[in-house]
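Next up, some structures in structure tokens.
The following pair of complexes shares a single chain, chain A, combined with chain B in the former and chain C in the latter.
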Partner chain A sequence: MKYTVREEGGYTVLELTGEVDLSCSPEARKQILLCLDEKRNLLVDMSRVNYIDSSGVASLVEGFQTAKKRNLKFGLVGVSGSAMSVLQLARLDKVFPIHLNVQERLKADG
Partner chain B sequence: MKAEKLLEVRFPAKPERLCLVRSLVRSASTHSGCSGALCDKLVIAVNEACMNVIQHAYKGDESGEMVLEILNNGSELLFRLKDHAAPIDLNSVKPRDLDEIRPGGLGVHFIREIMDECRMGHLEKGAGNYLEMTKRID
Partner chain C sequence: MASTSTVQNLFDRSAVYTLDDQLQLLAEVTQSFASSLDIDETLNNAIEKFMEYLDAEAASIFLLENNANELVCRACAGPVDINGLRLPAKAGIVGKTVVSRTCQIVRDVSKDPNFAKNVDDGTGFVTRSILCTPLMVKQECIGALELINKRGGDGLFDDRDRHLLSALASSASLAIHNARMADRLVEQERLQKELELAREIQLDLLPAPKPGDFPVVGMNVPAREVSGDFYDFFQREDGLIYFNLADVSGKGMNAALLMAKVSSLLHHLAKQISDPGDLLARVNREVCESASHGMFVTIVSGFVDPATRIVRMANAGHQPPLYHGGDGRFEEIPAAAPPLGIIEDVEFPVSTVTLRGGSLYLFTDGVTESLDENHRPLDVDGLIRLIRARAAIHVSKRLQDIVAELRRPQVSQRDDITLLLIECRPQ
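For the complex of A and B:
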């Protein structure tokens, strides 16, 4: 897994690339929590994630809950088909705010 | 029909080896005529089973090993995963309530949702644990 961080429309966008599995989900979790520790609204761009396991999903859930506790915005954008099928299995596709891309999320925010 | 063994692989209980296991599961599933969507699901289930061994049976001890066998009896694929960790409490392995939104505990749910049958138990003389997962492919 690789990641990049950028700023866009008042959000920090953490873009994950590759396979988010047990070997790297601790790093994904660390980056997610780091952004939230700095009180930044966070979008996780998953358009380049071609595999995610339950440990990667757990990192997203922790980010979602941490953001909620801190009154920060959190969401997923560009979720790839393979990642979406895992979120659906976990029945989290209706829990996370999910948008096609950052622009769609900004539109939804108004 | 007698089950044909497609592969048997022994690998260390290390998270870094899971990508190789996923490749083998995908290859064996494709070779057995599974659709792309089914291959994806089988990869998810077997990966989660291996993760459970790494995290809960060996508790992160990377010196541990596990063995994965994949068999095809013509209508079903059988995935048999064995480890040599201390016998686990079989009653502790159960899916959790998905209405409770919290990190962790999804692996067993994924496996049960994807596979048709799952059986788990202890190897003889406390030599470890096994998990057998079956999926119809016809």
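For the complex of A and C:
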């Protein structure tokens, strides 16, 4: 897994690339929590994630819960087909705010 | 380390120490290091010998600790006991020795800016000269061996002292390294025993197989010592049979602890609550209150009435159970709610299946992600093939056969494998 961080429309966008599995989900978790520790609204761009397991999903869940506790905005954008099927299977597509891309999320925010 | 030149210098030495003396000291020290793994006692005995033999007023061994941020005195000899003294890793002559990884001879400490005077100020000891050599293991410096104030001769340490101390330091380094490795092995063994104990406790949480034609059978094969998967089934006093199969996110001890909590909660509450949706809603609220680090639980939980063969169950984000109908067709029953432990206010819709000569299979992703003979994930289609080929076999044997197929020796198990099979035989 690789990641990049960029700023867009008042959000920090963490783009994950590759496989988010047990071996690298601690790094994904660290980056997610780092953004939230710095009180930044966070979008996780998952357009380049080709595999995610339950430990990776747990990192997203922790980000979602931490953001909620700290009144920060959190969401997923551009979720790839394979990642989406994992989220849908677990009905997590109804839990996370998911948008096609950052622009769509900004529109939804109003 | 004892280089060729060091050995040569030992041979050259004749005035103060004879070669026999040196070899005897080295042999004695090495033997004492080899005979005990109590490193503190051994080092303290050795440091006395080093001090006496090299005719110094005091001697000490400092080891790097606390992520190499501190030098801690672990053995000393002389008029002042400085055992346990902590110095910043770069402080004093000992720090300079460790940083430069070279032996330091300081003939007059008052003229050396690296000398840490505060130690003398605290102990009342007066340091005049120092000989300090690094303790090396392979390419790593683990501390330093220091002699203070040469007693005889001109009161100064010389190159001959330096060569002998280097040889002794090599022996001490090896002894410290061995003792640390031994400590690590003991610690690993202790952890292994604790994991085995945890596994035994986990196994006790799983239900024992029921005799006769009990409609539910289950199997759990953990990939590690402890598992994040669990299942349960038992018959209530009113005749209803409660069952569940779950997967805690993540692996290892934290998943095992959450597994123990959720499984105990369900076992207790399923005796009082008969609606599968209400039961999961209640447990979900409890898990949401305490679950941390994003951990969650996917689960299928429900009741089967052996009299009517009706199964009522709720699925919280878990792999869809497979119903293999009496007509041979397979049907997936997907989740209608997210996993436990994520959001508090959520409803868990109930699905109903009537087992008309059919079987219901519940399983974790360790089953569908098992690799087949081509090293590809088995997937639901692969599981369907395994079930179809064994449909006529008795339930317990069928489950064992399927698990045996998933654990073929040529493929290493990647995840916990857990399966539950519900089948009501015609009465």
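By definition in this document, the second predicted complex is superposed on the first by the 110 of 110 C-alpha atoms of A that agree within 3 Å, B and C clash if a C-alpha of one lies under 4 Å from a C-alpha of the other, contacts with A are read in each partner's own complex, and residues count from 1 in each chain.
What we mean here is this: contacts are C-beta pairs under 8 Å (C-beta built on N, C-alpha and C of every residue); 3 or more make two chains touch, one makes a residue touch a chain.
Worth saying up front: this structure is predicted, and the values here are computed from it rather than measured.
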Between chain B (first) and chain C (second), which does A:Ser85 come into contact with in this model arrangement: first, second, both, or neither?
first
Between chain B (first) and chain C (second), which does A:Tyr51 come into contact with in this model arrangement: first, second, both, or neither?
first
Can A:Val13 be said to touch chain B (first), chain C (second), both, or neither?
neither
Just to be sure I read the superposition right, which of the two partners does A:Ser23 touch: chain B = first, chain C = second, or both, or neither?
first
Should A:Lys94 be classified as contacting the first partner (chain B), the second (chain C), both, or neither?
second
Partner chain(s) touched by A:Gln65 [first = chain B, second = chain C, both, neither]
both
Taking the superposition on A as described, I'd like to know which of chain B and chain C A:Val77 touches: first, second, both or neither.
neither
Of all the chain A residues, which ones make contact with chain B and with chain C?
22, 54-55, 57-59, 61-62, 64-65, 89-92, 95
What part of chain B is in contact with chain A in the complex they form?
14-16, 18-19, 22, 40-41, 43-44, 47-48, 51, 54-55, 98, 101-104, 106-107, 109-110, 113-114
Residue ranges of chain A in contact with chain B within the complex:
19, 21-23, 51, 53-55, 57-59, 61-62, 64-65, 82, 85-86, 89-92, 95
Note which residues of chain C are touching chain A in the complex, please.
247, 249-251, 293-296, 298, 317-320, 334-339, 342-343, 365
What residues on chain A touch chain C, complex-wise?
22, 29, 54-55, 57-65, 89-92, 94-95
